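Note that subunit A is present in both complexes that follow, paired respectively with subunit B and with subunit C.
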Partner chain A sequence: MSKPTKEFNLGNLLQAFPRRGLFLLLFLAATLPLFTTVTLPNKPWDDSIDFYKNLVALQPGDKVLIGSDWTLGTRAESGGEFEALIRILIRRQVKFALYSTGDVQAPLVARDAIATIAKDEAANGQKLYKPFEDYVICGFFPNSEGETLAINNNVRGAFSGRKDYPENGPPQDVLQSPVFQGIRKISDFKYLVLVTPSNTERITFQRVKDTKLMFMVTGVMFVEDHNYYASGQLKGLIGGVKGVFDLETIMSKGYESIPPLPGKNEPGRGTKYYPALHACLGLLLLAVIAGNVGMWLSRKGVKS
Partner chain B sequence: MNYLTIKLACGAIATIGLYTMLYRENKVYRVFEHMFLGLASGYSVVAIWTDVLKSSWWDKMVGSATSTGEPATMGFWPYALLLPIGLMGYFVFSKKHNWVSRIPIGILIGLYSGQQFQAWLDQYGGQIVGTFKPVVPNNWTFFAPYVDPQNLQQVSDVKHTVYISTALSNLIFVFTVLSVVSYFIFSFEPKPGSRISRFWTGMASSGRWLLMIGFGALFGTTVMMRFALLIDRMYYVWVEFLYKAILHH
Partner chain C sequence: MLPLLADLEPKSFWNGFNGSLPLKVFLIGALVLGAVVLLAILRVPARLRRPVVAIFTFVSGFYYVLLWLWPTPIARDPKDAAVGLKENVSFFLADAQPVVANFSNILSGFLLGLGVFSLLRIHGRKVMKRQTDWGFSFVLLASMFAMILFGYWDFWIRQSPTGARLPFAPGDGWGPAQYGKDLLFDGFLQQMDATMFSLIAFFILSAAYRAFRARSLEATVLLLAALIVVLSLTGLIVQGWDSGVGALAGNNPDSFLMNFRLTDISKWLRDTVQTPSIRGLDFGIGIGLLAMSLRLWLSLERLEGDA
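Take a look at the complex of A and B:
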């Protein structure tokens, strides 16, 4: 018995666009804009503006605690956020301690990223940030709930026993680092900045209340976390590629009365990825419209 | 070929290998998938010892000595009791003695539950307070005037004034909160056909619609994030590896 052949019309064609062809178009949309130098116009969100303003208001010698839970899987968003954060801290000469409760690989990823950015900033005339002296990495802690609470209640106790590597030296207790000089409680850190693509953001809300919080999250998490910014629980929030692009825009061009960040500001991940993101979203919209039109035409029985 | 290029090449090959899944299920994809899982597991095992157990448990338990041989810190041997408690967890695999595993699990659940009371308030307390917004304007200008951001007094004045547009925005916010909350109240059913019932149904229906809009926004950001991941991989393969490392641009 022969199979009934499907009538060929525009409606069926639009609905039966080959999946692999669509993937190919998506790959092109994600790749080609990366080779252009197009910079899209941008109006930064209030969340991003506050984040930036709070960071540049820090004075040289101030201390910031960073929770870094991102790994290379979310480099697109968290990597760009982290890079912008570290550049601002280096140029403001703010010392920082870093820990992770989200992913065992996160401290290593952060260590590599900081070393690369520090070299880059030094090549552009900034101070060379040295491990242990200007920043210290306290490592990974597996129980996020317990450790975050411990950090809030007794920051020195929480990090005691952890070792980090000074430049060309044997490992030393992180509490011996100049970063921890004068740190007795968590409120001695001006901010806790959490860079995370995971639920550690919720755990941190729940358990850290003795210092000001600022978060750098993925685009998915931004919608929910914006509520915490709106209620004043967060002092600043960066979300996804748009958040990175906001930061980079303010850093390079300034915004309204905010001056650009002194130093060399080259386009970062946000600026590079934003046109490609728009191309991909455009393709998605086209595909959705085509599929719906195709379904409508098929139902109407209109032949091409 | 230097170390950096080899490293980038490995990453690029692995990326392409994993994306071959989009064509169809194949062995190349499986090889790289297993390689990834193996590397992640291996790294985690080592890091858990070096980063966690050694510094937080072993070193504190046995104490440490300085280079002169004098003890720098005394050992805290009660930490040794943590080992059998932890090992009890593995009795979950024994049919006969799996009750033993409930002891460490019970300890953990107890500790977690104790924290949750305070945690809930810390997370949602601020948001509940944040929902109390003024819905009656105290200034009958529609929009807030533009102020010089440098003039902090003006900025503060505008921030604390409820313009008509601010009041409308707050009203929409409060209505959204109330209607969404009313959608989740199942323990109370007004008399069918009554005014209260019609009002209640309307509020719950609005709540459902507003939730759908919220979920739509969430879905949109999810798609955006997935695209960002793809773009980053493409940047890695084409720009970082091919364009910069191989073609030396």
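Take a look at the complex of A and C:
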């Protein structure tokens, strides 16, 4: 018995676009905009505005604890967020300690990123941020739950015995770093800023109660974490490429009554990747609309 | 030495002996006791293993339960001495925190070791016996050994005073250890990590095209809400839409029409629909997790193979 052949019409055609063709279109949508220098209009979200306002309100000499759990898998989002964060801290001359409980590669990735940004900022007239003196990397802790609770309850004890490299010197105990001078408890850090693409954001919420929290998460996680921003538990939230673009927009142009960040603000990852995000989301919308129109046409054809 | 006993103020049961004879006695005693316990565990009959695991699980969990429930010292000075049972217990629990965290970090490290052992056993056998796709197993093992070799080589060099001066980015003084590690970590691992992650976008697009259809009323509502949220992420469309609505409303901020700006619709969706729904889901998940955790802590959970 021969198989029934599918009738060829526009409805079926719209529903049967070949997968490889879609993949090719997505490849083009994601790559071609990267070669443009267009800066798209933007209206920053409240979450991003609060994040920026809180960071720039920090005074020189203040200290911030950074949880960095990102690797290059999410560099388009977390990488841009981390770069913007470090640039703001350097320009405000805020010292920071960094740790990771999410990914064993994260401290290494962060070390490279900070070194690059510090060099870049120094070339633009800012103070050269030196390892151990201005920032210290406390390393990776495999047990996220236990360690995060320890950080909240006894921050010096949690990092005790960890070593980091000063510039041109052998490794030393991180607690000897000027970053930890005057730090007795976690509330001595003005904020804990977590840059994460993983569930460590949940663990941090649940366990860190004694200092103010701000998160930088991926676009997918933003929706869920907005919950905590809305309830006031988070003082600021940056989500995905849109969040990075928000930060960069405010940094370079300011927003309403907020002035731009003093210093040289070149387009960062958010500004560069936002057109690509536009094109990819546009393609997604077109694909969904085409599929639905195709289904509607097919159904109409069957009825008639 | 591993920072098992933190050298901190205040001196307590957990950190008071550093560099002293009592510490050495304490460590040797703990090692002997550990060896005895390990041997005893190995000799425990199969039917008694479950109670042993249950006791260890309960004791480990009990520390964190107690830490959560017992009053916590507030504004404690290192010179403060505990008075009474309540303070003694609370100081003891607080001082134990970094040590217990270290124990859990070390246990997690053992899991990593177990993973490496498992990889070696399974893939080593596959390579030795030339089983199907043994080439992939060989690549996996070779990559693992290369990463370990160059990682430790670089680490070992950096421990010396001259090695500590080496920059972390390619530069003066870099040798084969640094270049090898850089190539493997930044050149291969990180790039492959990014590649794997970016592949998800292709599957999302394909799945959305084939499955996201307005087949029912609920699906249509969901589809429309999703379209609005996606549109609100595109600054260009937001700008155009909001300007259009603004022009229609004569740019009067009090006009009813202003509620139909894309920014406002998506904000309303996020704050009024999405956030409460997620909150509800989170409550449900939280209660489920609590119940599950209690069952695990009290060893009420029956595992596969249990009688």
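Rule of thumb we're sticking to: the second predicted complex is superposed on the first by the 296 of 304 C-alpha atoms of A that agree within 3 Å, B and C clash if a C-alpha of one lies under 4 Å from a C-alpha of the other, contacts with A are read in each partner's own complex, and residues count from 1 in each chain.
Keep in mind that, in the parts below, a residue touches a chain if its C-beta (ideal position, glycine included) is under 8 Å from a C-beta of that chain, and two chains touch if they have at least 3 such contacts.
Given the structure is predicted, the values throughout are model-derived calculations rather than measurements.
**Student:** Please tell me, clash or fit, for subunit B and subunit C sharing subunit A in the overlay.
**Tutor:** clash
**Student:** Return first, second, both or neither, reflecting whether A:Gly139 touches subunit B, subunit C, both chains, or no partner chain.
**Tutor:** Touch status of A:Gly139: first partner only.
**Student:** After superposition on the shared chain, which partner residues are touched by A:Thr116: those of subunit B (first), subunit C (second), both, or neither?
**Tutor:** second
**Student:** Does subunit B (first) or subunit C (second) touch A:Gly161, or do both, or does neither?
**Tutor:** both
**Student:** Looking at the overlay, what does A:Gly232 touch: subunit B (first), subunit C (second), both, or neither?
**Tutor:** After superposition on chain A, A:Gly232 lies in contact with subunit B alone.
**Student:** Report for A:Pro107: first if it touches subunit B alone, second if subunit C alone, otherwise both or neither.
**Tutor:** first
**Student:** Taking the superposition as given, does A:Leu149 touch the first partner, subunit B, the second, subunit C, both, or neither?
**Tutor:** In the superposition, A:Leu149 touches subunit B and subunit C alike.
**Student:** Once the structures are superposed on A, label A:Asn42 by its partner contacts, choosing first (subunit B), second (subunit C), both or neither.
**Tutor:** The second partner, subunit C, only.
**Student:** Mind sorting out which residues of subunit A both subunit B and subunit C touch, each in its own complex?
**Tutor:** 23, 26, 30, 73-75, 105, 108, 141-142, 145-146, 149, 161-162, 219, 223-224, 227, 230, 277, 280-281, 284
**Student:** Using the touch definition from the top, list the residues of subunit A that touch subunit B in their complex.
**Tutor:** By the definition above, subunit A touches subunit B via 20, 23, 26-27, 30-31, 34-35, 73-77, 79, 104-105, 107-108, 139-142, 145-146, 149, 161-163, 202-203, 205-207, 209, 218-220, 222-224, 227-228, 230-233, 240-241, 256-258, 269, 272-273, 276-277, 280-281, 284.
**Student:** Which residues of subunit B touch subunit A once you look at their complex with the stated criterion?
**Tutor:** Touch list, subunit B to subunit A: 22-23, 40, 43-44, 47-48, 51-52, 55-56, 59-60, 111-112, 115, 118-120, 122-123, 126-127, 129-130, 148-150, 214, 217-218, 221-225, 227-232, 234-235, 238-239.
**Student:** Give every residue of subunit A touching subunit C within the complex, in rising order.
**Tutor:** By the definition above, subunit A touches subunit C via 17, 19, 22-23, 26, 30, 40-43, 71-75, 105, 108-109, 111-112, 115-116, 141-143, 145-147, 149-150, 153-154, 156-158, 160-162, 165, 168-171, 219, 223-224, 226-227, 230, 242, 245, 274, 277-278, 280-285, 287-288, 290-292, 295.
**Student:** Which residues of subunit C touch subunit A in their complex?
**Tutor:** Residues in contact with subunit A: 2-3, 6-8, 64, 67, 72, 94-95, 97-101, 104-105, 107-109, 111-112, 158-161, 164-165, 168-169, 185-186, 189-191, 193-194, 196-197, 201-202, 204-206, 208-210, 212-215, 223, 227, 230-231, 233-236, 238-239, 242, 263, 270-271, 274-275, 278-279, 282.
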